[in-house]
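Mind looking over this structure? Questions follow.
Chain naming follows the written order as A, B, C and D, and within any one chain the residues start at number 1.
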Amino acid sequence: MSAPPSPAPAQARSRRSLGARAWAVLAVPALVVILSLLLGAVVILGSELIVTGRKFDPWLWFTAYAALVQGAYGSTDAVIQTLVYSTPLVFGGLAVAFGFKAGLFNIGAQGQFLVGALGAVIVGVALADAPAPIAIVAATIAGIVAGGIWGFVPGFLKAVSGAHEVVSTIMLNYVAVQLLAALVSGPLKVPKSPSPVTYDVGNAAFPIVIGATGHIGIILAIVAAGFVWWLLFRTTWGFEIRSVGANPDAARYAGMRPKLLIVATMTFSGALAGLAGTSVLLGVSHSMTSSFGTTVGFDSIAVALLARSNPLGVLPAAVLFGSMRAGAGLMQINAGIPVELVDVLQATILLFLVASPVLRRLLRLRNVEAGITTAAPSPGLGAGTAP
Amino acid sequence: SGSPTPVPPTVAPSVSAPSVAPSTPPASVAPSSTPAPSFAQKPGLKIGVVTDIGTLDDKGYNEFSFKGAQDGATAIGVTDPVPSIVPKDASEYAADIQQFVSQKFDVIVTVGFNLTTPTVDAAHKNPNIKFIGVDQSPECILPTGAPDPNFACKGVPATALPNYTSLYFAEDQAGYLAGIVAAYADKGAATPTGVIGAIGGTTLCAPCVRYIQGYTLGAQSVNPSITVKSAYVTHDFSNAAFNDPAGGKAFAQTFIQANKPDVLFQVAGKTGNGVLEAACAANIYGIGVDVDQWASLGAPANACIITSAEKHVESAVAQAIEGIAAGTLTAGDVLFNAKNDGISAADFHDKASLFGPEVTTALNTAMAAMQAGTLVTCPATGCGVAP
Amino acid sequence: MDLTPIINGLYGIPVVGLVFQLAGYLVSVIPQNGPNIMQQATPLALGAICGVLCERSGVVNIAIEGTMLAAAFTAWVVGVAIQPMFGTPNPSDIFGITLPLLIALAAAVLVAMAISALHAWLSISLRADQIISGTIINIAAAGLTGYLNQLISQNSPAGAGEFARFVPPAALTNLPVIGWVLALLLNQGPISISVIVLVVGTQVWLFRSRWGLRTRAVGEHPRAAETVGIDVIRTRYRNVILGGVFAGLAGAFLSIEATNSFQQNMTAGRGFIALAAMIMGRWTPIGSFGAALLFATFLQIGTLINIAPPSGQLGSIMAGVPPQLFDALPYILTIVILAGVVGRSTPPAADGQPYEREAAT
Amino acid sequence: MTDETGPSLAPALEMRGITKRYPGVVANDGINLQVRPGEIHALLGENGAGKTTLMNVLYGLATPDEGEILLDGKVVTISGPSDAIARGINMVHQHFMLVPVLTVAENILLGDETMANRIFLDRREAHRRIIELGRRFGFEIDPEAKVGSLSVGWQQRVEILKALYRNARILVLDEPTAVLTPQETDEIFGVLRRLAAEGHSIVFISHKLYEVLEIADRITVIRRGRVVGERLPSATDEDDLAALMVGREVQLTVDRGESHPAGVVLEVAGLEVRDDRGQPAVRGVDLEVRAGEIFGIAGVAGNGQDELVEAIVGLRKPAAGSVRLAGKDVTGHSPRMMNEDAVAYVPADRHRFGLILSFPLADNLVLTSYYRSPYARGIVRDPRAIQRDAVTSIERYDIRTPSATVRASTLSGGNQQKAVVAREFDRDLKLLVLDQPTRGLDVGSIEFIHHQVIAKRDAGTAVLLVSAELDEVLEMSDRIGVMFEGRIVAVVDGRTADKNAVGLLMATGGEERPPVPAATA
C-alpha cells in the first residue's frame, strides 16, 4: 500500500520567503569561504612561525588577504583584470560541468585548452591582415573546433572501446603539450625570433570592450553560460545528455543513443575548453610562445565542482577563483605569500563544501542546501564502463 | 642593436657596450659574497621582480637574478624588501608586470626570454618606469617602441624605448671555458673515454643551446678528436625541461649508459641538478651552469662538480639597478661577455688538484682571446639553434 | 648457414626492413637499460598497487597523484629538518641507509596514510563523490606542497641525502638471458628493490588471504559482504589507508631515492599514469606492475631515441620526425593499449559507489 | 516434526514487541514471534507487510526502535550480522547475497573463513567440507565454480550451504522459492525438512499460500507491520490465510474475460540472441502474438527471456533470425524506431531501465516521448506541456505523489511502476511488451496493473508478458510459451494449462532428464 502522501517539499520551498531562500542557498557557501580563509590564515601564520624564519608578524594574514582583495578589486582596472582572469575559467568550468552532467569526468580540459589556443593562433595568424570580423570569427571557430577534436577523441574511444575518459584525457593532456611544442618551435615559429614564438594574430585579436584589458571574451563567457544552461535544461538534447548522465541504461531504453551522446558531449565539452584557450590567446596573449601553458584546465574542475555543475553557478564560481588569481600578484608583492596559497584556498573551499553535511550538523544549521555532487556517482575507473 | 637577426653574441662587442656603473667593482666570482657598498642613496626606489613560471629556488638563473635585484637594492640603500611574483602560467606575465605598475614601482626586473614581449609592451606603455629584462635579447620593436609582432624589428631599442634595458649573456663563451675544463678532465681521467657530454633542458631554450655549442668548441680546442655528445631532456616547456630533477637524473643515467662520457655538463636548471646527481653517482665529473653550483648546491651534492659555466646574472642585475640609481644605465641590449666580466668558469674548489697549470693557462688564453674578440665560440650559422 | 644475405635482403624491403631495424635497435638498447626502466616503473607500480587496494574494495582513488606528491614533500622536508640533529650522517653500506632517511621515509608513509584516511572519510563516511574527493586532495596537495616549498626553499636548504642503489654482483647480471632481468630488479635502491616483493606479496594477499577475499567481496557486492558479518566501512577504510602506504613509498622514492630533492609538482602526473597501469593490469598487482614496466619501457625508448638514435635508414627517418613525437609516444601508446587491448576489462562491480548501511532492500 | 507442545519448553527464538519505523512507514509495529527448536515457522504477509524488516532486525541489519529479542529464553542484543552469525542465526536473503565473480567456495567461506594460518585461507579443507556438506543434503557442487555461472536454483543452494557451513541453529529464508520452479521448490523443501529434523529452527517467509501450507509447522501472518494471526496448517486453508493477509476477502484469480484474437502483430522467427558475455542466450525462438491476445512466457529466470524481450524491443541486436511487426520487418530496429511503431515496453527493472530516479516525475512521464510534440518544438522543450500532461497522467493512473515535480526516487515502488505504466500505456499501441510488470508490488497495485493490461488487450493490442511468477502467467495469458535454455519448448493454452505440467516444462524443457547439476560449470 502506498504511504500517505508526505508534505510536498517543492511546495514548501516555494512558500518560504525570499530571505529564507537566499539563506538556504548562500549560507553554506558563505560559511565555507569564511572557514577556508580562516584555515588559510592558520596556514600563513603557521608557516611563518615554523618555516620562513622571518620576523613574526601576527597580522600577515590580514595583509595578505587585504592585498588579495585589493589586487582583485582595488581599482576599475583591477576589477576588469579579474574578469579577464575569470573568463577562461568560465569556459573551462562550463566544459567540465557539461561533462559532469553527462556523467563524464573531463579531466582533459587542460589539453583541450592548449589545442584550442593552437587552433586559434594558426587561423588567427593566417588571417592577421584580414578584416577583423572575419578574422576574429574564423579564429574563434578554429579554436572551438580544435578543442572539440581534442574532446572528441576520448569520447569516441569511450564509446567504441570503453576506454575510460579520465585516463585517456590525462594522456591527451601530455600529447597536447608536445603538439604545441612541435608546432610552435617548428612550422609556426617566427623564423627570425631567437626563441620559439608565433606571429601575432593581428586583426584576429579580440577587441577590447571595457577598460584597458577587458576583451570581448568576457561577454562571450556570460553568453556561453546562458547558452549552456539553456541547452542543458531547455532542449531535448540537454535532456538526453542529463538522462545519459543520470542513468545510461534508462536513456538507452528511452530510445536515446548513449554512445553518440557521449561522443557529442565530450566534443562539446572539448569545444568549450578550446574556447577557454581561444579566449586567452585572442584576448590576452595574441601570440603563442612555447611556454604557453596553463593551469586553467585544473582550476576549471574546481570551478565546476564549486558550481555544483550548474552552468549559471559557474559564473560566480569562476569569478571567485578568478579574483584569487588576480589578487595573488599583489599578495606576493605586499605579503610575500606564494601564489600557491590560492590553490590551498581553492582546495579547502571544496573540502568544506564536500564536508558541509558535517558542518551543518556541527553548527545546527537547518533548512540550508549543501554539498556538491556530479550528476551521478562516478563509475569505477574501469575500461568496461561504457554503456 | 636593432638588427633584425639575432645577434650571435660573439660576433662583435655589443653596440651598447657595458655602460653599467663603471664605478662598481666587478662582481666577484662567487655570487654569494658580493659586497654591497651603499653610496647612491635613493631610499624611495621601489624595485620588483617577475620571474618565469616555476620557482625562485632553482639554485641558478631565477634565484640569482632575484638576488641580484636584492643586492642592487641594498647597494643603493633601499631598505624595503624586494618583492617578487612567480607567475602560474604564461598568460599571467602581462598582468603580473601590471601589478607592479599599478603599485607605482620604479624599477621592474623581469627574468627570462619568455617575458620579452610583455616586458617590452609594458615599457612602451609606462615610460616613467625603468624595466630590466634578463636574457631578453634581441628585443624586436616597432619604431614607436611597441613590440613588433611581425619581427621586422625596425625600431632602435636604445632610442625608441629609453626606459628598457635588456641584459643578455654570451653563454657560448662560458660554455667554451667549461668545454676546455671538460676536455682536460677527460684527458686526466683514470681511463679516458675521449667522450664528454652535455645535457640541456629543452631544445627550445636558445641560451641553453649556446652554452652547449660553446662547450663543444671549447673542448675541441683542447682535443680536436674529442667526442662531445649532447642531448636535450625534452623539446617543450613542460616541467620536464627545467623543473624535474628526478626526470633529469633518469635521463642522465640513460645518457651515461649510452655514451660513457667522462664529464657531464648540465644546462637544465633544476632538472640539471638531477643530471649532476647522476654524474656523481656514476663516478664521472659534473659541470654546473649559470652560477657556481659547487657553492650553491653544497655538499654532498657537489662531490663531483669540477667547475661551472657562469654567467654573472646576479652582478649584472645588481649593476643595472645601481646604474638606474646613478642615472648611468643605457637603454637597449646590454651584452655581458668576457669583456665586461659577464661570464666566467667557476673556481675548481676542491678539484684544483686535478688540473695542472696548463689548464689555467688555456683558460686565460681563451679568456684573453674572447676579450679581444678574436675567438669564435659559437657556430657562425645556427648559433642558439639546436641541431 | 650464413643468414646475412637474407637479413640484408629483408632490410632492403622498405617496411619490413624498418621493422627489422627497429627490432634490432630495441633488442640492443633495452636490456642495458633495465635498471633505468625499473626506476621509471617503481613509482608507477607502487601507485598502481595503491589503486588496486582501493578499487578492489570499491573506492576509486584518483588522489594517488596528490598523495604521492605530499609524501615526496614530507620525505624531503623531514629529512632536511631532522638531519642537523644527527650531525653528519654516516651512510651505512647497505643502501646508504641513515637514521634521518629512515625517519623521513616513515614520515612520508604516515602522511600518505593520513591523506588516504581523509579520502576514506570523505568518500566512505560522508559518501562524497569519490572523484571529487580525489580531485580536492590533488589540488590541496599541489597547493600546500608548492606553498611550503616556496617558503622553505627561500632558505635554500640542502637535501637530506638519499638511499643508495645496490650493485648486484657481475656474476649475476652477466648471466645469459636472465642477467638483465636480474640487473633490472636488483640494481636498485631499497624502495625500488622492494617493489617486486610488494607486488608478489599483494597479489598473493589479495587472492589467497582472508583480508583479500573480504576486500574483493566488499568491492564487488558490499551488501552481500555485510550480510555475512563483514564490516564494509571498516574494510574500505583499511584498504584505502593501506593503499596510502604504497603511495607514500612511491612519493618517498621520488624525493629520497631517485633524487635528493623536492620540486613543485614533482610527481608530474605519475599518479594518473599509475591509474592507467592499474586498469591495464586489470586490477591485479602483477598486471599493474607489468603495465608499469611497459609504460616505463616506452618512456625509456623515447629517451633512448633522443640520446642515442638508431643509425641507418631508421635513424634518418627518425631524425626527420619532430622530436616531440617521441616524447609523446608513451602517452599515445597508453591510449592505444587502453582503447584497443584492454577495452573490455571490468572494474569491481561496486567500484566508486558509496555504501550505505541499512539500505532499503 | 514437532507438535504444539514441542520437545523443549523455551522457544529457540522469541521476538517481543518489535517496532521499527522508517520515515513515513511503521514497518514493524509491536510484533511478537516465537520459534521453537526444530520448527519450520512460516511468516506470511503481503509485499511491504514488514516481513523482511522483522528478519533484518533479527539479523542485526536493522536496529529496532522498540522491543527485545530472546534466544533460548535469554535477552540478547544483536548488533550486526556477525553478531547474529556468532549466535547461530543465519539468513538466506530475499535477494541473493552472493558475489558473482567469486567461486562457490569463496562465497561460502566469506565472513567465516577456514584458515590455514592467521593470514591465509585453507582452501583444500574448505573444499572438503563444502563437498561433504552438499552430499549430506543430497547435492554435489563444484566449489571452484564461479557463482555467476550457476543457475538460480543452484545459487539458492549455495545460499543454503553458506548458512549450513556456519552451523546455523536458526535459519531464516526470505522468499527462497520466488525464483524457483515447483520441482526446485520441492527439492529445497526436502532440504529444509531434513534440517528441521536435525533440530534446526527455520523461519520461512513467503506470500505463496499453498507453499506455506505445505512446509510450515506453524504460520504467523502479518499485515501492515502487525501480527494479525497465528495458524496451524492443519487448522486453516488458503482462503482463510488470504483474508488474514490482505485484511479483506480477496479474489485470488484475475477475471481476464474472453479474448478475441485478430491478425498476427508480432512474428518472431528463428531468433538467436547473445547475452552480455557473448554466450548464446536465445537459441532459435519462433513465436506469434496476435492482436487482442496476451501471450505469456513462463520460464525460470535466466533462460533467455530478458534477452528475447530486449531483442524484440530493439535494445539488443539479434545474432540471427527476424522480428516482424504487423508484417513489416523490424529486425534490429532501434528502441526509438520500435517506439515510433507503437510498441511499448515495461522493463523488468524499473530502477535500471524504466525510470531516472533523480529526475522529476514529470520528466519520467515523458521519458520516451520527450522529443515529440507537444513536449518539444524542434529541439526546444515545452515545460508547460510536460507539466500539464503529467498532472493528467497522475490523475488517470492514480499515481500517489505530492506533485509532478518531486523526484521519482521519492515514490513508493508501486507508484513508480504505475508511472512507467502510465507512460507506456497512454497511447494507442500495436504491441505491448511486459517484463515482470508486477514484481515487488502489493495486491492493490497488481490488481490495478492487471486491469490496465486486460483493457489494452481488449482494445486490440498484442501483449507479450514475461513473468517469473508462474501464477501471474497462468492467470493472465491466453496462450503460454514455456521457455527453457533459450528455446520455446512448448506453447499451451492459458486457460487449460496445468500448473505442474508447466512447472515441469520450465525445469526440464520437456525432456526426460534430471536438472543439470552445477558441478561442471
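In this section, contacts are C-beta pairs under 8 Å (C-beta built on N, C-alpha and C of every residue); 3 or more make two chains touch, one makes a residue touch a chain.
What you are looking at is a predicted structure, and each value in this text was computed from that prediction instead of being measured.
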Most extensive contact between chains (C-beta pair count): A-C
Chain C-chain D separation of Cα centroids, rounded to whole Å: 46
Separation of chain A from chain D, taking each centre as the mean of its C-alpha atoms, in whole Å: 46
Where chain A and chain C are represented by their mean Cα positions, the distance between them in whole Å: 29
Inter-chain centre distance, chain A versus chain B - centres from mean C-alpha coordinates, in Å: 37
Chain D residues counted as touching two or more neighbouring chains: none
Where chain C touches two or more other chains, by residue: 150, 154, 264, 322-324, 327
Shared-contact residues (touching 2 or more other chains) in chain B: 86, 203, 235-236
Which pairs of chains touch, using the document's own definition: A-B, A-C, A-D, B-C, C-D
Chain A contact footprint on chain C (complex, rising order): 51, 55, 60, 62, 122, 126, 128-133, 135-137, 139-140, 142-144, 146-148, 150-152, 154-155, 264, 269, 272-273, 275-276, 278-279, 322-325, 327-328, 331-332, 334-335, 338-340, 342-348, 350-354
Residues of chain C touching chain B in the complex: 29, 32-33, 35-36, 39-40, 149-150, 153-154, 156, 158-159, 161, 165, 254, 258-261, 263-266, 268, 300, 303-304, 306-308, 322-324, 327
Of all residues in chain A, those that touch chain C in their complex: 43, 47, 51-53, 105, 157, 160-164, 166-168, 170-175, 178-179, 181-182, 186, 298, 301-302, 305, 338, 340-348, 350-351, 354-355, 357-358, 371-374, 377-385
In the complex, chain C residues that touch chain D: 205, 208-211, 213-214, 216-217, 220-221, 223-231, 349, 358, 361
Touching residues (chain side chain B, partner chain C) in the complex: 54-57, 59, 63, 86, 203, 229, 231-232, 234-236, 239-240, 243-247, 249-251, 253-255, 257-259, 270, 273-274, 277, 281, 296-301
